[in-house]
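Next up: the structures, one after another.
There are two complexes below, and they share chain A, which is joined by chain B in the first and by chain C in the second.
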Partner chain A sequence: MTNNKKFDTRLLGHRLRSYFSKPANIITIVFLVILALTVILPLCTLLLGSFQLNTIQEATSAGGKKGDFTLRHWARLLTSTEYDYAINSLWLPLGKSILMALLACFIAVVLGGVVAWFITRADIPGKKFISAVFVFPYIMPSWSIAIFWENFFKNTEMTAGPRNAGLLQMLTGICVPQSWIYGLVPCAICLGLHYAPFAYILIGGILRNMDANLEEAATVLGASRFKILCRVTLPIVAPALISTILLVFSSSISSYTVPFFLNKDGRFIALSVHLKNLFGDGRTQGQGYVMAILLMAISIGILTLNNWFTGKRKSFTTVTGKSGQVSLVKFGKWRIPIAILLLIIVGFIAIVPLFTFAMESVLRTNADGTRTFTMDYWFSKEVPTGSTKSDTLGILVSGTMWKALGRSLGLSVLVALIAGTSGLLIGYAVARKRGSRIATFVSDVAFLPYLIPAMSFGAVYLSLSFTEGFTWLRGSFILLILVGGVKFIPFASRTGSSAMLQLSGEIEEAAIMLNVPWWKRMARVLFPIQKASFISGYLLPFISCMRELSLFVLLTVSHETLLTTLLGEYSRTGLTESANAINLLIIIVVLVIQFAVNKLTGASIDKGVGG
Partner chain B sequence: MKRLFAILLTVALIVSAVFVLASCKEKSEVELAIEAAEKMTLAELEAASKKEFEDNPDLVFNADSLTSGVKKGIAAFIKKYDWLNEDNAKYNSKKGSEYQPVLNGAAETDGYVADFVMIQDASFVYSLVNAGFLLSYVPSGEGYEIAKEDQDPLVGVTFNKIWYYNGENGTDYLKNVWQLTGKDGASLKKIDTVSYQSPLGEDINMSFLIMLTSPAYETQLKNSYKSYFGTEYTKTDDCQSIGYHYVEQFIKAVTTWHDSDTSEVKNMNDTAHKTGVYFAGLAKVKDYEGYKLPDDDPANWKKVLMGSGFNYQVEGFNGFVYNMWTLIPKTARCPYTACLFIRYLLSEEGFVKSFENVPGYYCSNTKCTPTDGTTLAKWKSSCLSEDPDYLAQNYDSVTAFIKQQLTAVGQSK
Partner chain C sequence: MPKIILENVTKKFDKFIAVDNLSMVIDDRDFVILLGPSGCGKTTTLRMIAGLETPTEGRITIGDQVVFDSEKGINVSPGKRDIGFLFQNYALWPHMTVYQNIAFGLENLKWKKDQIRERVNEMLALLKIEQFEKRYPSELSGGQQQRVAIARTLAPSPKVLFMDEPLSNLDAKLRLEMRTELKRLHANTDSTFVYVTHDQLEAMTLATKVCLLDTGVLQQYDPPLVVYNKPNNLFVADFVGNPTMNFIKGKAEIKGNTAKINMLGATFTFSADGDIAPVLPAADENADNSGGADVVVGIRPEFIRVEQGKLTGKVYTTLPSGMETTVKLELGDEIITSVVFGSVDYPVNSDVSFEIVGNGIVLFDAASRSKIAMGSLTIE
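Up next, the complex of A and B:
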């Protein structure tokens, strides 16, 4: 008996030593623990919050004690018939949000797909420029497109006053109806425009790699162009199409900023806006948890559907090998008009927004209603009454703005380092332990933060910062880094996994044979081969963090902490011109960094998204 | 026997003393500091504040609020006291809907959040005051006169939201509140351009609508109804009271759901367009561009911007009066500085520096007289006011009713 025990202990020890001698196993276990603490625990908090009285106000209203178990949040939000509460608070907004997301999918897929097809399959000029500029709207924060939409279409028929004349009215005198500026349809259009580059990257990737012989064979057999499109091209891009639809749907339905900015008439309350209202009110926080769980459930359902679809279509991956022949469809005399049309579309969604932000930041509305050109909102050192001395009118001479920019950049760099490195390591573990349950589980859990609405994620970490033992996190920069690092891991882990899976195991095995240590194999062998993809895994979290507001808004002590919180404060206090200037600055910073990284390393956002 | 009785009495006294002591909640350091500060002279309080920063040079005084008045107040406060500067005394702008979870989190765990808060939303404030998390320091002495009902919790500033419009359009607008419900009266006509910020995005507008359903205002609504329509109000099956009926009709009659009172007031200077009647804070008059004209004199904007409230003569009610409370969290790190700041903010000098003589800001210290020629007492008697108990008890039910009306409007238009 004793011998058996000794043997078992020795065997176990031997097995453990053997298990932990492989770096992939260590990484898997370490990330299992990290993700359990940073992702699963917050999820449990969300779930728990939906079944208890969370605040003093909830406890007073329910006649109970804080922490008491309750089903009232679920019952009230899902089934309450008191003045149709459940219908008005959940089911109607849910229905409208689904409609908005479907419309956004349609716009994104049609626009992105059509542009992708022209860029990859047509003989039009200016493709490089169109391709480079078309991804701008995805790099820009989604709310900047919403603000542009409002700046462009607002008019004095809708709201009196010269400051309410938008670019379209100023240039043409045309006044569009209010329903074209605010509400469900404009939200769907802006989200569609924001995600169109995403569709372009995914569909374009497939089209680029598709063997053109298939289409040519159909042409030789006498099939019409329409028939080729329907019977050859579309089935081939179907997996990318379905992935795009499902991912755009999932992102659109939980998008907060676009429905927030384009809801000035209060007519369209999207589910995400409603979620923020519930969270922001101590009396309804529990219902906020319920709604966050429902939103997550929808997203998880959609992604499961996505995995099921793409899993079923595995056979199509055989056509992704590049064909030596790339046959372009010849448009003859239509080449130029098509190129011009594409340039106009690209110009409208990618360049005009920058122009309108610039315009809005250099026009002052005078007391008599006229508007004059001024650079004050950029360079004036005038200190408004009551401001601290660094708080100047011109944002480029404002110490507050520079400090906020510095913190935003610092935060984004650190978040990108954490998320990017985590993604790379998770990718390594997934590739080396392909098929193992534990690695698949780690990979799936790493993707979960993408599905948790940003505001709820922030709220969970806020409550953590008030918990005994973690109070040192409250209001600290470390909390922002932690939240950002975890929230943006999904982008990096997807990029890391797909890049690592593309690498043959033999490459690393050769280095192992030569007794090259693990860190050296990573740094000298694996990383350089897939450098562009890995750096894209760092770039995506960086860009996402630079433009993030909802995630950090509950966690920053001061409105001056980050550039986005400062922008939010300027918008709230009516400093529209300065807000537009900051908006433009964020976009320029992001674009410049993306461009510089692309030029220096070859990495780009499309490599990250497209995997 | 006597001895036994004495022993029993002693034991009983000891036991009761133990129970009494056990039941007494120990006061927090901040509560004790506030009690001490209330007994101090200004010089003593200044010395106590200075000592806080001398004892701990890393200390930062954080003042959280929605109103930029606190920002201006802090800027002036820093200039007045040499131990304070930009780095150790900060204003943090906090929007209500983003701040409630933060304050709740701090209250539930006795965590640090700020040293001074100035917030609105009566039922929320009272819930934290009743929980013992938000504390009041009441300044007294020469230059201070604060009504008893404004002391616990301490009201800092009272605001009013009224109906106003650009008088240069020449329309003689609101005389009876039922003009805002979309139906012509016996002698007065309805107002068909009503602008109101959605109560889903503005908690004060939600509180106003909830208070309209309170039994406390039924009589004045009934009287104004009779005066406007010429008949008595008769209760219908679908509305449980005249207040609910008013809210339902009012929501149907709103023509513009504006996003920001500030932006709407800015737009009012465009007299070329027929502007509507806006429900907005009188304090927002500072954002009206005509108000900033160089040749501005106190009467100018008043003439141009004829608010219904200036004559207190609207039948029914003139608007809504609500408070912003100046409080100290139980977990404040520099309570004496917080007390000193409250004392400064509510002084004549501090109030002017913070709120710049703009109309629509009414200090709880009645020694600070309003600059718009009105009085808070008159506003209070002619407007609806917040009732924290009514708001807390009826919030769920009435907001469900209001959401139902808003949804109906959204669907029909």
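Up next, the complex of A and C:
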């Protein structure tokens, strides 16, 4: 008996040793632990937070003590009829947010899909330019479009907001109604425009990779263009279309910044804005947790639906034939007008915004409503009156601004390094241990942060930093790095997996035969082959982090911490001109870095988006 | 009936010329095979006739209809050319069942439901795939998908059928089977077939006429046996035939329709069937012109008979394949290939005698690479 037992432990030891002799296994186990700590643990604290009294105020009003179990938060937020509390703080915003997200989806998919079709299938000129510029809105901070929207349509007839003439009024004298500037519809349009490039990249990728012979076969059999589109092309891209719709929907409904900026008349309060308010108030923090869980549940529900949809369909793996020879649809005399129309659309959503930011930052609104040219918002050392939010008026001479820019850059670089490297390693483990349950689980958990709305994710970590034992994290820079690194792992792990899966195992095995150590195989063989894709895996978290506000807004103690939080504060306190200047600065920094990386390494943003 | 005429058809992709000034006539009920190495422009030619690719210049006529004319700006869409096209990867629509795939073309012709039903059933029976009617393409094997693709192409009874390497994705055994069936199909359907392949054996066995292309230029357009026996130039001679033809460099003194050729360390007399075409002067002015003009003598392996004759070679290798054996002999710088019926085996490096027989010997000009005569060789 004892002998037998001894034998068993020895066998187990052998098994463990052989299991851990493979780098892929070590990586899997290490990430299992890391992700359990950084994703699953915070989720648990969030759940816990919704069932306990979190603050002294909550404890006082509930008549218990801090940390007690309670169902109050759920009950109040979901069912309270006192002053129609549940309806006003949850159900109505929820309904409106869903409506907004649906509208945004529709705009994004139609616009992105149409542009994708023209770029991949029509013989119009200027495709390269249109394609390159069309992704701008996705690179910009999501609320840039919202700021642009205000810049463009604002007018002297408004009852809220800056109340000076925007570009449209200056050029044409037209004053649009306020409901066209603030509220649900403009929010949906701005989100739709922001996510249109995302839809374009996803749908365009499918159209590009789709075997052109499938359409040609229908052409030869005498089907009309329209019939081919309806009966062949659309059904085949349907899974990508559905998945785009669902991703845009889940991103839109949890978007905080756009509804926040386009709510100057206070009439449309989106669910995410409510969430921030609930967290901001010590008495309702628990309800904030409840709402975050609900937002998360919506996203997870939607993505489960997505997986069910795409999984159910027959997998459309087609042997790629001579797809390179796509015959383009000939538009004859229409090709120039169509190209011009596309250029106008692309120009309006990608280039005009930059122009308005620049313009707004150099125009001062005088007391009588007239506007004069000034460089003060860039260079003046004068301390702004009526606001304590900045040291100097000109952003380029402001120490606060430069420190925030430095911190933003530093944070983004660190986050990109963490997320990119993790994604690469997870990708490696997934590719090497293809089909193993534990690797699939790790890859699923690594994707989880994508499903959690940024605001909820911030909330998750906020609640963690209020938990005993983790309080040292509260307000620290480490917390920001951690939250950013984890939140942006999904992008990198998707990119990493697809790049690794494209490499045949034999490539690495050839190096194993030569007894090349693991790290050298990674650095000298695997990485160089898929360099562009892997670097995209670093680039994407960097860009996303640079422009991110929703994720960090709950976690930063001071508005001076990051460039985006500073921007939010400028905008909130009415320093619109400086806000525009900062916005332009962020976009330029992101564009320059993305361009430089693209030129140096060939990596590009559209290579990374794929989930 | 449909006769396909290509007149001076050229296709350029930017500066790259894929097809260069191609003119050919495909007769009704022909089985024409476009043959050539990859990148020679054969698929482009096929796609231009089908209308999937627009030629840069030229004119294409199918039957009595001009379907493309660069000067008159005519370009009839593929759907209106009354053709069928079979793709290399079958291009079956993954979201449609076998039935729906086959019926799609008929729907476009606005056929009635019961007519479609009847025709699809007929097609399913013809290709023996009745039991798969309700399946999706992903649930079929490669060979079954191939049959569905053929059925879909044939359903509207096109006058002309285009096929782009339809057998290249099948395994060797299935490919042989489908080859037989395609030839039967051609006999049964009364259609004109135009077929692209890089497999010269496929071309030899299936075609009524082979069109050989190289870098976009037509090399030879003849029945397969003419292409095999009387190749126009070194490229054709080299591309067609397996094992490949022996090309032996030599010096020739040409007089009328005979030539004295020095090669393989011996002197041969070549007696041509007709006149010997003039030889181009060597491109290199410093070339050694003594001893006659530079020629290449092309000898099919079946014209090398071993174990008799005055020549002796050292066995380089022997490749028995059962029915026949390929013997490679080394003589000086040359390796001579011979095909022997039955199984034989020689030890490597042993000496074996051989001779050159038959009257299918081809004489090429080394400079222009063209055929200058056909005839027989006798050793002196």
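Operating definition for what follows: the second predicted complex is superposed on the first by the 561 of 611 C-alpha atoms of A that agree within 3 Å, B and C clash if a C-alpha of one lies under 4 Å from a C-alpha of the other, contacts with A are read in each partner's own complex, and residues count from 1 in each chain.
Criterion: a residue touches a chain if its C-beta (ideal position, glycine included) is under 8 Å from a C-beta of that chain, and two chains touch if they have at least 3 such contacts.
These numbers come from a predicted model, not from an experiment.
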Looking at the overlay, what does A:V525 touch: chain B (first), chain C (second), both, or neither?
-> neither
Go through the superposed model and pick first if A:D211 touches only chain B, second if only chain C, both, or neither.
-> second
In the overlay, answer first, second, both or neither for which of chain B and chain C A:V232 touches.
-> second
Counting only touches as set out at the top, which of chain B and chain C does A:V220 meet: first, second, both, neither?
-> second
Per the overlay, which chain contacts more chain A residues, chain B or chain C?
-> B
Give every residue of chain A touching chain C within the complex, in rising order.
-> 211, 213-214, 216-224, 227, 231-232, 235-236, 238, 313-322, 325, 327
The answer for chain B against chain A in the complex is residues 62, 68, 71-76, 78, 86, 90-98, 100-102, 104-109, 111-112, 123-124, 127-128, 131, 198, 200-201, 203, 256-260, 262-263, 266-267, 269-270, 272-275, 287, 289-290, 292-293, 353-354, 356, 392, 395-397, 400-401, 403-404, 406-407, 410, 413
Would you pull the chain A residues touching chain B in the complex into a rising list?
-> 55-57, 60-61, 66, 76, 80, 82-85, 87-89, 92, 156, 159-164, 264-269, 276-277, 279-283, 285, 365-367, 369, 385-390, 459, 462-463, 465-468, 471, 474, 553-554, 557-559, 569, 572-574
What residues on chain C touch chain A, complex-wise?
-> 43, 47, 50-54, 77-80, 83-85, 87-89, 91-95, 104-105, 108-109, 136, 138, 152, 156, 164, 169
